[in-house]
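As written, the chains take the letters A, B, C and D, and residue 1 is the first residue of each chain.
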Amino acid sequence: MACDAAGVAGGVRRVAGTVSEHKAELTNLDREIGDGDHGENLARGFGAVIGKLDAETPDSPGGVLKLVATTLISTVGGASGPLFGTAFLRAATSVGDAGELDGSAVAAALEAARDGVVARGKAEPGDKTMVDALTPAVDAAKAAAEGGGDAAAVLAAAAGAAEQGAADTEPMQAHKGRASYLGERSIGHVDPGARSTAYLLRALADAAG
Amino acid sequence: MKKIINDPSTVVEEALHGMEVAHADLIKVNYSPAYIVRADAPVKGKVALVSGGGSGHEPLHGGFVGMGMLDAAAPGAVFTSPTPDQVLDATKAVDGGAGVLHIVKNYTGDVLNFETAAELAQAEDIQVEAVVVDDDVAVKDSTWTAGRRGVGGTVLLEKIVGAAAQRGDDLAACKALAEKVNGQVRSMGLALTACTVPHAGEPSFTLGDDEMEMGVGIHGEPGRERVTLTSADEMVSTMLGSVVEDLPFSSGDSTLLFVNGMGGTPLIELYLAYNSCVKFLKEKGIGVTRSLVGNYITSLEMQGMSITLLRLDDDMTTLWDAPVHTAALRWGA
Amino acid sequence: MKKIINDPSTVVEEALHGMEVAHADLIKVNYSPAYIVRADAPVKGKVALVSGGGSGHEPLHGGFVGMGMLDAAAPGAVFTSPTPDQVLDATKAVDGGAGVLHIVKNYTGDVLNFETAAELAQAEDIQVEAVVVDDDVAVKDSTWTAGRRGVGGTVLLEKIVGAAAQRGDDLAACKALAEKVNGQVRSMGLALTACTVPHAGEPSFTLGDDEMEMGVGIHGEPGRERVTLTSADEMVSTMLGSVVEDLPFSSGDSTLLFVNGMGGTPLIELYLAYNSCVKFLKEKGIGVTRSLVGNYITSLEMQGMSITLLRLDDDMTTLWDAPVHTAALRWGA
Amino acid sequence: MACDAAGVAGGVRRVAGTVSEHKAELTNLDREIGDGDHGENLARGFGAVIGKLDAETPDSPGGVLKLVATTLISTVGGASGPLFGTAFLRAATSVGDAGELDGSAVAAALEAARDGVVARGKAEPGDKTMVDALTPAVDAAKAAAEGGGDAAAVLAAAAGAAEQGAADTEPMQAHKGRASYLGERSIGHVDPGARSTAYLLRALADAAG
């Protein structure tokens, strides 16, 4: 599928489906080291996104990304609302008004998204947050784009790396977000935001592939 | 999960409806986005106080909206910080021209969402300042954590700064006072049982029959350590010991002692714990001149309590005693 | 058993100590025998109101001692009616020469012990009258039972008759008003979980994960029937259905709606239930002009609620609105 | 042992021991169909009685019974406090200032006690209360006394009948006291006050025997 407005909107719809499918799992991860709402938070946000998309699909990838951003910001709340919101907002700014995205545009958008999350949340890799999924995803995306990969290939590379990144959060001790209050007791659990980030990228990759 | 609800996804909205009808003389409720304001908002020329946070901590914050305390509260989903548009619209609704103080509990989500709202409000030429409450001594305040959490001190701060705003203090004075209160208040919590977020359907954690979670957070975040259930006197000595040592409070201090239930603790146990606290403080020469005992900042149906100690000065005492008329705290009016 | 206590046998005494220190401006506590009186008792020339009952229902009754409500409360052991000497000494301590009204919840033990105390007081030339509250529609009022139990209506009666005594009504008028209130108020309770008497150490009953006890009493007495957990709207329709039908309340009535938590129910659920109640009554054309939402007559840590509906007239409304200053209910003062 | 002041005091001490021994059982019975405090109530009351007896033993059986009555009334509360209190008070009145009790004095005292409970509590036999233990006990005591039994024999007869009476409450539906709220659900449980009455009489009989 082409990475144009319709393609990106399709990807976002698939993300919504994935989030809803894994809602309980994400909430359970958050019960372990957080406050048990992450799945619900994202489901509420992407549910609202679908409503907006049903009403009117913007005519550029950037427009779609911006719609996702503002909807998440105004419906999710919690830590993940502003962070995912910022990610989509920065991605939207990065792609500008391009009608279709190639591999390097996707990689650049992912990098902008990650940088936005870091700017807002001040988390570094290893702090056991969504940044630990986003950072390897950005690296893999950039490598794939430099190797000439198209949007689908770049997203697939990002998704694979994010999945690995999410799994790698399990032995980490959290230093940011609610899980940090647990100190050493945060060790041994996968970070919910890292896991949801991986699901999100996988859904986008599947839709594009 | 045993709750008096219809559907997990409408809990907050239905409860807001209930509050609105039960307290129609005090508050008005907006639903999209959700926020609660004083019935007489905006109060012209008065600094407005806006707080908010996840739902599930009732009466915090909506129960504290009214004369002499908050001008608005933005309730998020259960245990989820509100979104910026809730806070922004609440801020706009209560701005009386003298600026708005955001009272934010220190959680990543709350801080981020209030920050965004403040930026947006400032872009609309509303003067906004913020104070971040972080009084929970159970969490180590280091670069290795998101910092101390805002807990029981928030209630006392909202009352005292609310009274200052009511008497006409300006925004800078309100913010300075809020920071002063935050600097002189310390808290610690304890859970005997877990709570269940309606959407999650399962308890946030599990405790053995003889275990308690010392230092628990108000979202059921596990605390400092899981320990064996002890007597009330021992609980109090651990909790107040940490609280007193942290500030530190010293002999001769005059304090406000706040014994708070987590939502599922009966009042008889809170008064019993209050008695243990007074004994503990007396031994240390710390005086208790004001008190609050009850369920004011809760964690759904969690059994447990938190203890908050605030070092008072004359001005804070006067402001604490000043009339307040809200759903959950009311005197002199 | 998970409780914030030191020793089951000192729970009531320690909690009384806590109350005494926390509310030194309002109340004085006597320990042997145990009773709580207004700090300014006896109030000369005013009819004095004395209530009491087992402990474990806090804030009932001690939390309602103060200006405009009770003059004294006699707290028994947990869930055990007080002894005659507690009630007698409390009666003597508050008699201001205008007579004393005993407010007794209809339980065999309470009735017997208050009866004995009243006889002894009369023998000492104190004028004593009694009203027995029996508002619980869950219990069939027949010769086959000990009669209806006194539950939530007690709180409303104590406030309204307390205000009448405060304005100077004489003993006969106070008694007549108390009987009128009792005649116009109906209640029903529901438990989601059981409570544990400290001495017993085990829950009073056991409920399955999807069961609730409809019509539960405030001592954890099993109620009308054990049924499957339903939605808040359905709970309310069963409870208010029985309440409305019993009096009966009719379209056009003006009422006070009291949604009460059993001690372990979070406020968010009580406001939600309140909303369900208002919807239910609206459909029947019954107006709600006054409200009370919160934990006021509890059963230790039991989760659940009770709903009380009182048909108001102008005088009762005025008396409800009159100033009151107690630990648990305060307005206008 | 002679049924004089010391004998009655000894019997009362034995009652206190029995009550304390069976405290949990009585409380559990009361949890089933009441409010879970009956064992505790009686233990508190008879504990206080022992304290009073330790301080000073009255010099007649009637004096001891009166001391028990007033102490129970002022320390037990609940339904059982005034009812047992009344029972002992009426028994005290019945024995007057006799220095020692024979079989018929004991039977008469038991009858007065039962009548006092009925007068105060308005329960009839079959209502599933302590009256269902007291009534057969009175009947058996009177029969034993008429047959020439001494105090010990009368009490033994009363105790045996009370035990049977208590057991017989199991299939009854309660019509008085807290258990009456249960309606049909009160069926299938022994009434706590009937059981404690039986324990009390058995302890008195054992002490006398």
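Keep this in mind: a contact is a pair of C-beta atoms (placed from the backbone, for glycine too) under 8 Å apart; a residue touches a chain by one contact, two chains touch by 3 or more.
The structure presented is a predicted model; accordingly, all values stated were derived computationally and were not measured.
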Point to revise | subunit A and subunit B: spacing of chain centres that average the CA atoms, whole Å | key: 32
Revision key, fill the gap. When centres are defined as mean Cα positions, the distance from subunit B to subunit C in whole Å is 29
Check your understanding: How many angstrom lie between the CA centroids of subunit A and subunit C, rounded to a whole number?
Key -> 54
Revision key, fill the gap. Two or more other chains are touched by the subunit C residues 78
Check your understanding: Residues of subunit D touching 2+ other chains?
Key -> none
Review point. If each chain is a node and each touching pair an edge, is that a line, ring, star, complete or other?
Key: line
Check your understanding: Taking all chains into account, which pairs touch?
Key -> A-B, B-C, C-D
Point to revise | subunit A-facing residues of subunit B, complex | key: 33, 54, 76-86, 107-109, 112-113, 115-116, 138-140, 143-146, 149, 197, 199-200, 202, 204-205, 217, 219-223
**Study point:** Of subunit B, residues touching subunit C in the complex
**Key:** 2-7, 11-12, 14-19, 21-23, 55-56, 58-59, 63, 78, 192-193, 209, 212, 229, 231-233, 235, 263-276, 278, 288, 291, 293, 295, 298, 300-301, 303-305, 330-333
Check your understanding: Okay, in this complex, where on subunit A does subunit B touch?
Key -> 27-28, 31, 34-37, 40-41, 44, 73-83, 120-121, 175-178, 180-183, 185
